[in-house]
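Below is one structure. I have some questions about it.
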């Protein structure tokens, strides 16, 4: 994306602040020039607006320019976005000369005082630019979506990673846990929020409004979400909970035939679906906070609850089995691949011990390159301090679950008194806390 | 502040997460040790909690530890705070070795990619620490107050400035204009907010609830404030507006005897008091945004309004007169210092042309060391793009106004169509836009 | 329904107030007796509770007893309800002896003063009973449903009419227009309200959530409803509005393919569906108030609107045609009954003038026994002061509309300046205001 | 108030509906005539508007006419109001001819069916008129104030009592307990509501905002109020509560020096002030419902509470003592009238047993003409089912309390398990439940 010329910049500022004009309208200096400025292609307008935002413009006018910049961005196609990301990376990068100069001063006398100018030199100007873009109304949501575009563009081009680091850095501040607000989602929630819940549910997709209602209206169901003031009624993450009397070993009864016990009689809260919503917030972790707060809320409201447990998928189990990392895996994978056991109780009963034994091994033994558990869901819950409580098979006969995990599901247990110690052991040396049922499966 | 030992850290974490324990209580490993940990002096607990926050603790447990840290900070006296600031500056500073290593790599091949690790090395760990402290409930407000403490400590010790830079950097992100919410303050506002408005009003202090009511309840009065989601019902800045038919030339009628015209008939909105509230937010500018948004709101609601103007103090006028920077100043200052003209109409009439002539010179000519206008209120409004419209004398006979400005007040005009150009000219070369009345006073 | 005995009454009160017990539980005097009281059949408990409510019970305990009475009512089947209505009519009727005595006194000296005791004697005790039942939480809604039951029971038994008069009398007070709150229904309305809108829409039934959304979310659509504080989130009546540039002559484009013009450009507000919701509120009129308030709200929000018009069904047109009241009717009815013109443009074009001519006659000439317009929708809108503007054929090809009105629809025009005069003329001598198009159709 | 003529009526309707005109303005038929109509004296306009309201006007136009009527009423002075009340009583009275005719039919065949027309004939048209006035925005509050005016006018003229019966009858329906909403009043309540609480508190008047704050902000204080949807933010009744560890025996510590225990440790809820607010709602009882609901709310929130007790004045004790109904009274009254015991501990100690003994007699023995307790506060609480628990002397040294009750205060105990039985015994035969301390005082 080429850098804009000065005359155009001036015209653009006049066009924007003349149009947007606080309160009253009045003719801008040269209507013709400003009209032309606004008619230029979106990439040019965007580049120019960014230039202006980094310049000597008044704080208040900045809001209008930031709005124009984001509007221009919204007109870009993939190529245009890619051009803009390149511009951000290259043109709004830190200046090596300034960095070298500041480093020299720091190097000569390292101190908190000499660090400040070095920090200022090292912080890429695009961070400031993003902060200024964020002054426009509704900008935060648009910047989150901009990063989602960036994540897509990055798949083919690692050179954009430094730019992503800037987004991640800013979002960690903006989406600080202290700014989040937890809310219960129920049948009196506005429809505009509910349809988002429906659209974002990807663990156990919903079939429509009646399905949605079944998950949040009955007395034994709860849905909670985090919201951020700058992204309005957009849920950032939500968790679906069923209140039961036992730790469930399959998903179907929860999804399809809820025999609602009185919530007061439930002893177990089952977290059976957790969904992040905005792709652009990748890496900004909310899930642990949400689970903790939901546990606290439910414990306070329903003193009879004694157990907080998940019913989670094992999305990498099928690939691991097939990989042959465990010698018995491929043969078992073949038998599971044959349709039939789903409707053949005897065959399923024969398979069950072996599947669960290997599932237990998979959860406790399979590691990724960093040495963490291979299963991403396991990484999340164990990293939160939960224990791998029990493997359940067959537990989910939906197509996706069969393909990715042969129908396996796992209960992770959140035992409040043990969470911190288990978390620390997991982080320190990878120790995985296991429940008695899972330990038993391991011995098979 | 000395750094804490490991055993104490472990005990402290257990004490905190054992106490706070999600949902249910259960006995921590060694009650005695943890009790002792919580009984240690506040500085020790604070230092230990910070250490823990930077360590391998679970995200969720972090909230509890952050809460403890802020609670311990609240127990500190000035010396304790000073010790904590030193600790932040020195112990949570960036590591020169890491910086040098990252710089070497960058220096060898400067690029956005090599900049990322350098940025990470240069960002002081205390920024991360402050972000983690900010996960506790209500933390943002406490961190703002912590910076207010820091600003006081800095008065005698410039070595704390780097630490302040970190606060300023974080607050600029957290208090981004996009996160602020403007609200009208009126007689149906909760009393808990109103008493804060009363307490924070320092331009024209209020005498109590009846005075407050006179400023926000009548149809010709408005008060607007900015709020931030993380600081709840704490107004961050507020502006008081009177709707009139003329540009006022003195404050008393506005404060004391409002003959309310119907708001619909008003042609002029007078901003007669703007107050920032939290000392810890120094340097985070809200005023320009607030004024712009209030102008937009009033213009939309009351189409008859044609003029947006301030009635502002001139807090440095007396000092400037006395300084002799203008040769006629000291003599005039002496005549003004003699009590009497306040009640002597003839004398006041004699003084008026001279005072206003010098006031006009003061506003347009007096500069501080940076070359900006000497008067801080002028700097603010001119920097926002307003014009210095008229000087008014005598306009405020309250004691403070007499002492600091000999009773002078200034109207700054916010002419929407002219704001941006005036702002740019002011920033570019210090050009001060003046109104016809002020220009006339200059020629006297 | 037999009247309950005293011992049972005492036991019942103890059972109820012992169970419900303010704040704390404590054993009631004789647990066995009270348990038995609560185990009696619902009709007995209901009769007993009513007896107690009319007796010497404390105001606060009344709430608990009223709650029990309504709970017992909810258990009744049709026969049980019928029994209860008989009880209300006969047992809680006014006392002839008291009436005669009070009348004698009044008759001797008619005055406002002697009227008071007569009024008290004449007011049936069941009105007091209903008012006392209404102290229970949620009672108002339950009493409205009770009257809906009564209306059903009345179909076969005119002897219940006096009882209905009491309900109507009370509801007129309780649902006074001053207590209603108009709210806009849109996509941010709670789902629990939206599903009621969907269920209650009977003029043009909705096919599901997407259909609902099409009627309230686009910029050119509006839905408004009245709510009453005592019936919570239950809409009492709602009206659906489309904002258009022309007076529409058929319903399909409005229901199915909304090409949304910007609401700001619309010149016409079309009220295309008005629905009362609670059968038990029959005769309590809200529609006129709602239409008036919606007109006022839209006119204030969208100054470009110049026309407020309905697109309404003509539900009795088919029956009137067939009746032969107009000699040409039966022949035309026969031709319309033959399927075919719906898909035969030429035939429809041939039929159109004749259908519209007879439709115009039907609207302006056909009367019911009371001399009012035969068409109930015409009665409503003309009674509100609207004009019969235009007949449109074919305008609605849905099955119900074909059956009842051969697909005819009518525009009634609400011309604000003319409403009052038209209303008065209509009430005074039945004068029907007509629009030019309808007048033209009359001359055919 | 003379009845208006027809031409004037027509002009008035045109003036009102032409002015108010739904949505758009358009010239009314004869501007001159309508202008004149609106310029007529308020009594004429009011009488005319009432006439119109009872006539053939459209439901929607009625709202505008009702509004005009209430506006005209607001212009009346005491004489004008009196004239209007006479008009209501005489002109909008029931018609004896219709009554006689309806009675004859009823008398011939008394039944629920013949009762309906009799009821309609007997209900004074002014009830319908008041219901129609109530359709105007904000009308309910204005009608409540109208009745307050009526109550004043009635002091000198019993002939208005029948009119008052109509108001009372309607208000009992409109202010049905089912329509009331209880809300906690605290420091986050809008100032506009708080100032009403301050103004209406007459039991222990407040000295200003700080005093108000002391009564509702500390953790050991609560204020609750009832609101009605049609009277908006006007509290109808409110109760002030202190949470303590003992049953208090004097008011000063509660009002002046609250040493707030944590609310959680309190065992006793003390209702120390109950205030009705709107004079026009006289006879519509809310207090019993409010107390019951507050007890329920507090019991649920603070399980440690075991005791719900009042600290109440005895406003008629001084008059009773002086009356000599008890032979020892006058002498004691004389000793109490001598200033001095307030500051003379020994004298107060000597007086205490005798005062308390007579106070106990006063509460349990003194009756009014109807046989109910002479003390109005006792009537209220005993009628609610409370017990007279203890007499406390000296308990309130404020001037009013000394004058009316020699400083006596009474604790009434609300024992949930006993309320209903005590209420019934009190209503049945006047039995007064007493606490052990009061019983002991009786024996002295």
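By letter and in written order, the chains are A, B, C and D; residue numbering begins at 1 in each of them.
Here, contacts are C-beta pairs under 8 Å (C-beta built on N, C-alpha and C of every residue); 3 or more make two chains touch, one makes a residue touch a chain.
These are the chains along with the protein names UniProt gives them: A, B, C, D = Malonyl-CoA decarboxylase.
Since this is a predicted model, take the numbers as computed values, not measurements.
Engineer: What's the farthest chain from subunit B if centres are computed as the mean of the Cα atoms?
Structural biologist: For subunit B, the chain whose C-alpha mean is farthest off is C.
Engineer: Roughly how far is subunit C from subunit D, going centre to centre by Cα mean, in whole Å?
Structural biologist: About 34 Å, centre to centre.
Engineer: Can you check how far apart subunit A and subunit D are, centre to centre, with Cα atoms defining each centre and the answer in Å?
Structural biologist: Centre-to-centre distance between subunit A and subunit D: 57 Å.
Engineer: With centres defined as the mean C-alpha position, give me the subunit A-subunit C separation in Å.
Structural biologist: 49
Engineer: Listing for subunit D: what residues touch at least two other chains?
Structural biologist: Where subunit D is concerned, no single residue meets two or more other chains.
Engineer: Could you please write down every pair of chains that are in touch?
Structural biologist: According to the stated criterion, the contacting chain pairs are A-B, A-C, B-D, C-D.
Engineer: Which residues of subunit D touch subunit C in their complex?
Structural biologist: Listed in rising order, the residues of subunit D that touch subunit C are 13-14, 17-18, 21-24, 26, 56-61, 63, 89-90, 93-94, 96, 99-100, 103, 106-107, 110-113, 115-116, 118-119, 122-124, 131, 134-137, 139-140, 159, 161-163, 165, 170, 172-174, 176-179, 181, 229-230, 285, 288-289, 291-292, 295-296, 298-300, 305, 308, 383-385, 414, 416-417, 419-420, 423-424, 427-428.
Engineer: Using the touch definition up top, name the residues of subunit A that touch subunit C in the complex.
Structural biologist: Residues 187-192, 194, 208-209, 213, 233 of subunit A touch subunit C in their complex.
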